[in-house]
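Multiple structures are listed underneath, in structure tokens.
Next come two complexes, and both contain chain A; in the first it sits with chain B, in the second with chain C.
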Partner chain A sequence: MTMQTLVDGLVLGGLFSLSAVGFSLLFGVLGVVNLSHGAFVLIGGYAAYTLHEKLGLDPLLALPVIMLGMFCLGYAFQRSVIQWATKRASLLASMLLTYGFALMIRNALVLIYSPDFKSVTPAYAFDSLSFGEVTVGLTRVAALLVSIVLLAALAATLRYSNIGRTIRATAQQEQAAALCGVNIRHVFALTSGLSAAFAGAAGVAIGLVMPFSPPDETLWTVNAFVVVTLGGIGSPAGALVGGLILGVVNTMTAQLIGAAFPNAMMFLLLVLMLVVRPAGLLGNSFKGSR
Partner chain B sequence: MKLDRRTVLKSMGAAVALPAIGRGAQAQATETIVIGGSVPLSGRAAETGLNVNNGYLAAQKFFNEQLNGVEIDGKRYKIDVRLFDDASDPARASTLIQRHLDDGVQFFLGSFGSNIVLPTAAIVERAGKPMMQTGGASDQIYTQGYKNIFCMFPRASRQLYNTIEYFKVLQPAPKSIMFAMANDAFSKTLAEGAIAFGKEKGLPINDIVTLPENITDASSLVNQIRSKKPDVLLATTHDQNSLLIARQLISSNVDVPLLYLSLGPQLKSFRDALGGYSEGLYFQQFWDERSPYKDAFFGSAQKFADYYRQHFKRDIAYHTASGAACIVAYVHAMKAANSLDPAKVRDKLATLDVESLYGRIKFTPEGDGDPVHLGSTVGQVLKGTAEVVFPEASRTAAPVFPAPKWAEKRRG
Partner chain C sequence: MKLFVSGRSAWVSIAITLAGALLFALLPAFLSPYGVRVGQLFVLAAGLAVAWTVLGGFSGYWSFGNAAFVGTGAFVAALIELALPGWSPAGAFTVALLAAMLLNGLLALVIAWPILRLRGIYFAIAMLGVSQVCYELVSNIDALRGALGVNLLDIVPKDVRPERFYYWALLLAATAIILIAICVRHSKLGYGLLAIREDEDTARMLGVPTAPYKISAFVISAMLTAMMGVIYAHNLGYITANSVFRNEFNLNVIVYSLLGGMGTIIGPIVGAGVMTYVTQVLLGDLLDIHMFITGLLLAILVLAAPNGLYGIYDAYRLRLKRQKREAGR
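Up next, the complex of A and B:
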């Protein structure tokens, strides 16, 4: 039973990680707490739902298309909204602005899709894999694999590619990077695009395993915040570690203490981490953590 | 034409008087009974909120367009339902209700969700105005001594009495029953009332699990079912959480001979999401359009459903019917009182006992629905349709117990 709970926790943690990495990146590089992050996650979920219902496209096949679309949305969001707010006012203004955007997106989703919950149910939605006594739903396995592959790809891009180095350089020393010829505005927009693309991917994975509705955006923003606090800002590894810890704590608490207590434990952990290690487990000196 | 002083004065007098006469004539033709309220059209409760909203609006449309309003004390009135979106927020709903009161509204309709109805009911009660509602069934509302708040449902702790009676007559008799309740006021009270009544009836209720209000993972519940193997799982959860539980049970291949999800399977969208796997699921069913209820205005439950479908795109749900019945109850009470005095209408609501499209409307002295006449029946999904299987008097199909296993459903 413990092994089953552990596996369930890791699967849930994979979802938490993927849904938080974009939030972490934007916070780390731009220093912006994007309170519309959960709404971006839901846009991904609704896009997967629409493509599945209208075109019969499997959510996993639709993933690259959705990520591309979300990248463009995130890029435009930064150049038109966040940049405007941070230039003319302050980072706090960008927080209020993103909160306003979250409300607008939530209500737009209600208008377009109605407030009814939606779920993406591909043909394999009810199948499962068994390893000895451990059974896991196929969609959950798929969601976990998607999370691990995408997080690894993002980590590799940030570490080894030119654009990754530029993003890291900008995150560490914005002015120095600009003096070296880096187009800061473009890098910020690229980061925002990546953040939205990963939020969209998380939405697809979430849509595969659970029903969702517009008010859920708050839940995914709060989860991302907790994961980032646990794992550390600005790194995919931090998001992965934070997400997995949160997932396992969630299921273990539900199993050993009571199903009503995971949220209480999650926030207790958040407070402890803020007191003991405010930069998170794998925190760095990026903008958001300074 | 010769313009003397007298002609000018007459003309001016006529010019001033005519619009006033016109206004008087217009007011007589369009005199209205304003019924105010708020409903959640956005936010977490919006899904059912929309059903309630549509029920209110369907009844308003029917009375105004089909019956040319209602006649009270020799005068004809149009019904003017004025609803605000409270965004599922109790604080916002309270402000909106106060605004209605400030505007002089005399009759009220309730929002959806006990957490919203409770504070708004307190405001309306203080003002001494009646409120008909179909969205607040938490016991807290009916133990405050309120005299003006009436609900189409029995209080939560009494809603599952028929379900418990059904468990009592199951063959083979269940040896173990597990309850899972979401950690919100309504779901908890619903389960606690059923548990108390079930224990009184001698049912083997062995396990009680409390779930978070919003569930992102039901694996701990699935694991408990896997290890304890109950014959019955009764989950008092809202639609979205119910779907998550069902999906995880199916993909984990964990069977329960009787899976009862209080809310969810009554919705077509829920049954569509599960496809053939929804077969045999049990749920709380308050209304079925095929029920033989007669209504003094709509004709019958079926005629109401037909009228609704002609004019609204959204699927019909029992909250739609109960919403419409709130207006029907008001009209019956106003006619019986032969007055639009809120206190007299309130007194007639308290003693109302009429058959309607929603069933027999009768309230307890505390204002919640009579548990026998307005209580829930036991529903089951059979051949993709939501049927009533208990009590026998309301039955539209024979129940299936134990339900087929997931593996059998997978094979089709």
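Up next, the complex of A and C:
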């Protein structure tokens, strides 16, 4: 029983990690708290839903397409709107701006898809794997695998590729990076694109595992923040650790204390963490946390 | 001891506030019942926004979780009224209001210690967390009746129309809040808070007792917010956790201040007026795309007027001054 709860928690945690890593990156590199992140997650979910319903495309095959589309969206979002706001007003004001966008996206999703719950159900949605007494749905396994593979890919990109190096350099010292010939605006927009792409991917994975509706965007934004605070800003590993802890705490609380308390527990953990160690478990001292 | 550091401008502000409140108190005579309802929303919004400003505007500690105090205040009042069945409505209401304010002050005092050590975005989000925890606890613990809902006492006197009564009650509370905010702003505490907003470390180095000042402002802000929450709950008549721990309370107060002018007292009032007018009167019929337009307005606001309406006015005033000086030469 406990084993099953633990596995369910890990699957949920994988989703939390994936949905938070983009938020974490944007916060770490640009210092922008993107309150429309949850809305981006949902756009990914609804895109997978549409592609599956209309074209019969498997969500896992649709994933690269959606990530690419979201990347472009995120890039444009940074170059057009966010950049303007951070230049003219404060970073805190960019929070309000993104909140405004979250409201708009949520409203648009309600108008297009209705406020009802939707879910993506590929043919294998009802198959499952059993390991001893633990049973895991195939879609859940897929979601967990997607999370881990994508997080690893992002970590590797940030660590070893050229573009990853420029992103990290920009996060550490904007001016110095600019002096070395890094096009800051381009790097910021790339980061925002990556962030949106990962939000979209998280949306697809979430769509596989659970039903979703437009008001969920708040939930995913807040979850992302909790994960990032737990794990540490700007690091994929931090997002993974934070997400997994959160997922396990979530299912364990539901199992042991009561089905109504996971959220309260989560926020208690958040406030405690902020007090004890604001930089998070694996935090880099990036811009947002300084 | 001197009450105000800058005495004259404080008294001027107080006089203007009282005159304005008197003017607003006469309004229901000229308005339809619907107009009075819109007036209620405006006064509520202005009161909450100024209460938020005492901490957020003056000291720069933006709380994203003031709904915690609105909701906790409302529920404390409702539960106390339930516990005093034999009392007259007016008596029970007074006790409930005072208890709600006191308890929220205490709550703020207790959470201030850990979370006021956080700065900027971290404080904002921690407060969001606090409001979520309060919401979850109230709606999930059966004894607090957040999911079930509670009825509040009917405190409207017989010969007054209820919408007018609550309009005046909210106006009275909002006026009190504005007066207190003016007193804070012009006292030593207010100057200390402004210094904290500009540069907390420097302020501390120069001898501003930053921690006690921040905590005082936080407690005052929480108590005033709770007062508004209690009256608002009575206006609703029946509350659930969903109806008082609303996200709008968390974020709209900030929007009003941003729109009107951050850190000023007139700013949030003007902002509340404009937003209430736009959302309730101009867009009242467009419920489907209400959220969309609010979001759009927010975005335009941040992009077009980052310092709010007061910022525009301030720039205009400075330009006039400069022109006058140059003309005088």
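FYI, the second predicted complex is superposed on the first by the 290 of 290 C-alpha atoms of A that agree within 3 Å, B and C clash if a C-alpha of one lies under 4 Å from a C-alpha of the other, contacts with A are read in each partner's own complex, and residues count from 1 in each chain.
Convention: a contact is a pair of C-beta atoms (placed from the backbone, for glycine too) under 8 Å apart; a residue touches a chain by one contact, two chains touch by 3 or more.
Not measured: the values here are computed from a predicted model.
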item	value
Touched partner set for A:N263, first chain B, second chain C, both or neither	both
Chain B versus chain C as contact partner of A:S119, first or second or both or neither	first
First (chain B), second (chain C), both or neither touched by A:V275	second
Touching partner for A:V222 - first (chain B), second (chain C), both, neither	second
Partner chain in contact with A:L138 - chain B first, chain C second, else both or neither	first
Partner chain(s) touched by A:N107 [first = chain B, second = chain C, both, neither]	both
Chain B versus chain C as contact partner of A:S94, first or second or both or neither	second
Common interface positions of chain A, toward chain B and toward chain C	106-107, 110, 258, 260, 263
Contacting residues of chain C [partner chain A, same complex]	62, 114-115, 117-118, 120-122, 124-126, 128-130, 132-133, 136-137, 139-140, 247, 251, 254-255, 258, 288-292, 294-299, 301-303, 306-307
Contacting residues of chain B [partner chain A, same complex]	41-44, 46-47, 49-50, 88, 180, 183, 209-212, 214, 216-217, 219-221, 223, 226-227, 239-240, 243-244, 247-248, 250-253, 269, 273-275, 277, 314, 406, 410
Footprint of chain B on chain A - complex, ascending	1, 4-5, 8, 12, 106-107, 110, 114-117, 119, 121, 125-128, 135-140, 209-216, 219, 250-251, 254-255, 258-260, 262-263
Residue numbers on chain A that touch chain C, as the complex places them	33, 81, 84-85, 88-97, 99-104, 106-108, 110-111, 218, 222, 225-226, 229, 258, 260-261, 263-264, 267-268, 270-271, 274-275, 278, 288
